[in-house]
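Have a look at these structures, which come just after this line.
Common to both upcoming complexes is subunit A, partnered first by subunit B, then by subunit C.
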Partner chain A sequence: MKTNFHPLRAFTLWVCLLLPLPLLGAQDFKRRAYQESQKVSSKDIALEIEFGKKLAAKIIGSNKLLAPGPLTQYVATLGAGLAAYFGRPELQYYFAVLDQKDINAYACPGGYIFVTQGAIQAMQNEAQLLGVLAHELAHVNQKHVVKALKLKSADQSITSGFAAIIGGSSSSAKVILDQLSDKAYRLLFEEGLNHRDEYEADALALQMTLSLDYDAASYIRYLKRLEPKMKQGYAKVVSQTHPALSSRVTKLRQNLAELNPERGRKTNSARFQAQVRAR
Partner chain B sequence: MPRNKTLALFFALTCGFLVQVGWAKDTYIQQPNTQLRSRPAFRSPVVSLLPQGAQVQILAEKKIWVKIRHQQKQGWLPRLAIKNSPPMARLNDPSRDLKPHKKLRRRLRLRTVQSATGVRGLMSGRDRLIERAEGRDWNGLEKMEQGQISSAQGKRFLEN
Partner chain C sequence: MRRLLLFFLACFIPLAAFCDEGHYVNLPVGSRAASLGGAYLAISDDAAGCYYNPAGLAYASSDSISGSGNAFLQTRTLYTKAIGTQDWSRESGDLLPSFFGMTKKMGDWSYGISYAVPNASIEHQDQLFYDPIASVRLFNISLHSEDITSLGGVSLAYAFSDSFSLGVTYYLYQRKLLLQQQQYLTLSNGDTELSYSSIRRYDYGYLPKLGLQWSPWESFVTALTVSQVQITSSNFVADSSFLDQQGTSSNQRFSSVKLPKTPTQVALGVAYFPSAYWLFALDLNQYSAVENNQQIVTNLSLGAEWFLNKENAIRFGYFTNNDNRDLSRSPSPSESIDLIGYSFGYSSYAQNSSINIALTSQSGTGLAKLYSGLDTTRQMQQTSLSILLGASYQY
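Our next item is the complex of A and B:
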């Protein structure tokens, strides 16, 4: 028996039959998968924040905060602007200045970022400060400390890694959290992060700076300026915990050449100098 | 057209359709009031403010900038302002109780009261001793949190 086959009719039938499938099936599956992942992620993030708080409190305990004034307000405002554009939406970021001559900046998980007064004094303009804050923001965004401490398990969730223990209120769990934050402190002040993470933070800082129309070359110039200061012993922690400045500068120059930004971007030197002098 | 060729064509079309609808990468705006600009430059005029979580379609890419479409509007955004997953709700909002040290201090205070009732001044002294032993300055952290600046104020500052 011969059947009449009409391609157009068959096509219409196929489309009508299959149209709801991806919409109801795939999209619903994706939505449910996302909702489930959000539940796990919320626990992870809450834990990351608690961990970051402990680490930040330890940093403040060992290195005095600069008393509130125009400089701390300036750094907090610049940082808040940066985080409003490029921060992780689930985090509230906090920025502070440490009353320390040594040149460095630190990022704790959960959004606590510090820059030393010595680092600010080694800078010439706002673009350089923004570059340093953006570098630290990138560490938080990419969860470099969390990854370095191997808090993530194979399923990429820190919850199964240690949240199960920490989530409880037992004193032993608190001790573990304390020990981990002590380990993170050593990581920031003595051992340093993975060099690959530092280069990644530099590259992201460059992108953030350029996106906000600041002169990204200023950040590279700042790193270059640190070399003699390092020899004078003013950047002990940076030299101990970061890749060699020369290799960071080389990589940043390569990144900048690839992006090839237009000239005449802002540095806001006058505003920076006024704020630093007014401290 | 032979029947099996037509079927193969339909199969290919269906697969393409499924891939496009089911597995296509979604792109979402991460921050509230994200500024959509007329050109790929921060100094260019803002054409629209996009809400957090808005799903956008990428039309073109230019180094660190992407051209997107949202509803009827088109414009440029920094690449870092979008992600393939929807944004999460803010978790460390200062209004939320995420201060474990406060609970710890309350417990310590209670214990102090139980062990030395009526000895005022000892409580704060003991708190200070414990904090020093831990090497953590919770009061300093609280001051740091109190000194936070709003996102809107920070954004205005960067635009000047």
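Our next item is the complex of A and C:
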């Protein structure tokens, strides 16, 4: 196929054809079949749970847990209810309160979820607490930390063995959990996850909240309420590790508008206030 | 007959006849890409993307290392009635260096390091022709040639959004061309003639490649790349010695540091991902003409990937490998042969790794002007088969 077609014309044609077209969605459609099989490896799940346990222990070691009482029981019960509907069936979820004034919540792989007492104090109702717990549950469900750390179990298959021989790789692929849990700790407390992951967790939290007939707008109002507290220095970790609140609120409002829920959903303010005061 | 004798007495087949300067698709790079017939511009989401389209690295699903240790390439070129009334067949088969690369993601940025050998041939041949024409009892041709182009460098890609990315690869470029041949002629009256010639050529430079990928619709990706080899230094030396039947010898040396011109390559690609099990890709590669005897060449590549299940995939490809030489405007020796290629590949996937095998075959017919100063053409046929074994590891 020899032509007199000039390279510049080829470029112009390409731009003219495609420039007016809309830009669309993520690249998930590029996933190949073999990548789907990676999602359901039982070894990976076992590794995720083991890793999450180590990371949770590290968090508890550096941050005091709130002593057991009505508030911790309330958070655990609400979280367990949420996990019963939306949790991954292969995981056992744990919800705990950290005795910290700083406003934040953390999710470890394997289902270990923490919310600070400062965050709860900044809330007005149960819908807001549910939204925050749902946001953390979404991080676990979507394996955001697992993906960020590229946590994978060692592959013992024949194909992997051949690949190691041809590609010259060795056992270096084996995971060193201790080193990775340090990295995960930095991820949660200093560096933060990918902003796309945070937006995704927000969007999923909104859906979960609505599905349980709670007022999803409360979660957005909670984030709005954090803005002045952030300026006062009560949400250092959140500001360090999450996208700007204004941006999260804008995206959440767009998501909510698309879902267009009926108004008048439950907030359970009275029950929430009673539990918080009873701590 | 008198005319044919003159070929042997004065116009032994010159070395330039052994250099393939006309084709742009020689040794397939990357086993997955090779098995898709090279249609990889709009896919490019693993280490081979460094070579095909660095913008694709921005959408790699994970960090990876890919390697194709060596490729086996077998080529057979047949010139009809080239040595008197006899056909002349050139055959080569060797294990050649191929590709190694790695990619790593850092948020919206991705980078890669790779080494690729897009052009390589090693040929060694000794042939005897008895009584090719009435006045020649024996013609012996012995040659050795190595022509290897190596690229090594870094790539960087940035995802501006989920649907648009830009990438650049900066390769250092080296071409090494070594040719040696001896031709020995025994005439029917017992007189002999001998010729020896050699070429050494070393080109150094760099190859910048700019690429982009764009997904205007779900399941549909388009891509564009622009590249041109920039040669910064070149050293060419040709020696020839000739001993005629009277015992008179002549020696010549020609050397040059003139920088060879290189074509601009513009490539357009599209890929359609209807499901996780199917993939179709099409590339158009266009190369500009830089010499008077050259023409603009457009090559087409088509590829399809089918996952039989989550662990096994097969691929098919079709591609053209057209010759840039216009024989009517080329001084002899020269040749022009358009090739058509087919490819097939198989991959076995494990949790974090895969092994791949790719077979590509090319064939075609064309014309060759083999003898200096003469426009006489000979029919030629070429077939080649390459086998590429590769592996990739995702971490």
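Basically, the second predicted complex is superposed on the first by the 215 of 279 C-alpha atoms of A that agree within 3 Å, B and C clash if a C-alpha of one lies under 4 Å from a C-alpha of the other, contacts with A are read in each partner's own complex, and residues count from 1 in each chain.
Throughout what follows, a residue touches a chain if its C-beta (ideal position, glycine included) is under 8 Å from a C-beta of that chain, and two chains touch if they have at least 3 such contacts.
Bear in mind that the values here come from a model prediction, so they are computed numbers and not experimental data.
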Touching partner for A:94 - first (subunit B), second (subunit C), both, neither: first
Between subunit B and subunit C, more extensive residue contact with subunit A: B
Touching partner for A:69 - first (subunit B), second (subunit C), both, neither: neither
Which superposed partner A:46 touches (first subunit B, second subunit C, both, neither): first
Partner chain(s) touched by A:228 [first = subunit B, second = subunit C, both, neither]: neither
Partner chain(s) touched by A:194 [first = subunit B, second = subunit C, both, neither]: second
Subunit B versus subunit C as contact partner of A:61, first or second or both or neither: first
Touching partner for A:150 - first (subunit B), second (subunit C), both, neither: second
Doubly contacted residues of subunit A, that is, touched by subunit B and again by subunit C: 5, 7, 10-11, 14, 18, 21-23, 25-27, 30, 34, 38, 41
Subunit C residues touching subunit A - in the complex, by the definition given at the top: 43, 45, 59, 61-63, 65-67, 69, 107, 161-164, 214-219, 221-222, 224, 226, 264, 266, 268, 273, 276-277, 279, 284, 286, 288, 295-300, 305, 307, 309-311, 313, 320, 322, 348-355, 389-393, 395
Residues on subunit A engaged by subunit B in the complex (per definition of touch): 5, 7, 10-11, 14-15, 18, 21-23, 25-27, 30, 34, 38, 41-42, 45-46, 49-50, 53-54, 56-58, 60-62, 65, 68, 72-73, 76-94, 96, 110-112, 178, 204, 207-208, 210-213, 259-260
Interface residues, subunit A side, partner subunit C - complex: 1-7, 10-11, 14, 18, 21-27, 29-38, 41, 44, 150, 152-153, 155, 157-160, 162-169, 173, 194
Complex contacts: residues of subunit B adjacent to subunit A: 1, 3, 6, 10, 13-14, 17-18, 21-23, 30-31, 41-43, 52, 63-65, 78-81, 85-94, 98-101, 131-132, 134-138, 140-141, 143-145, 147-158
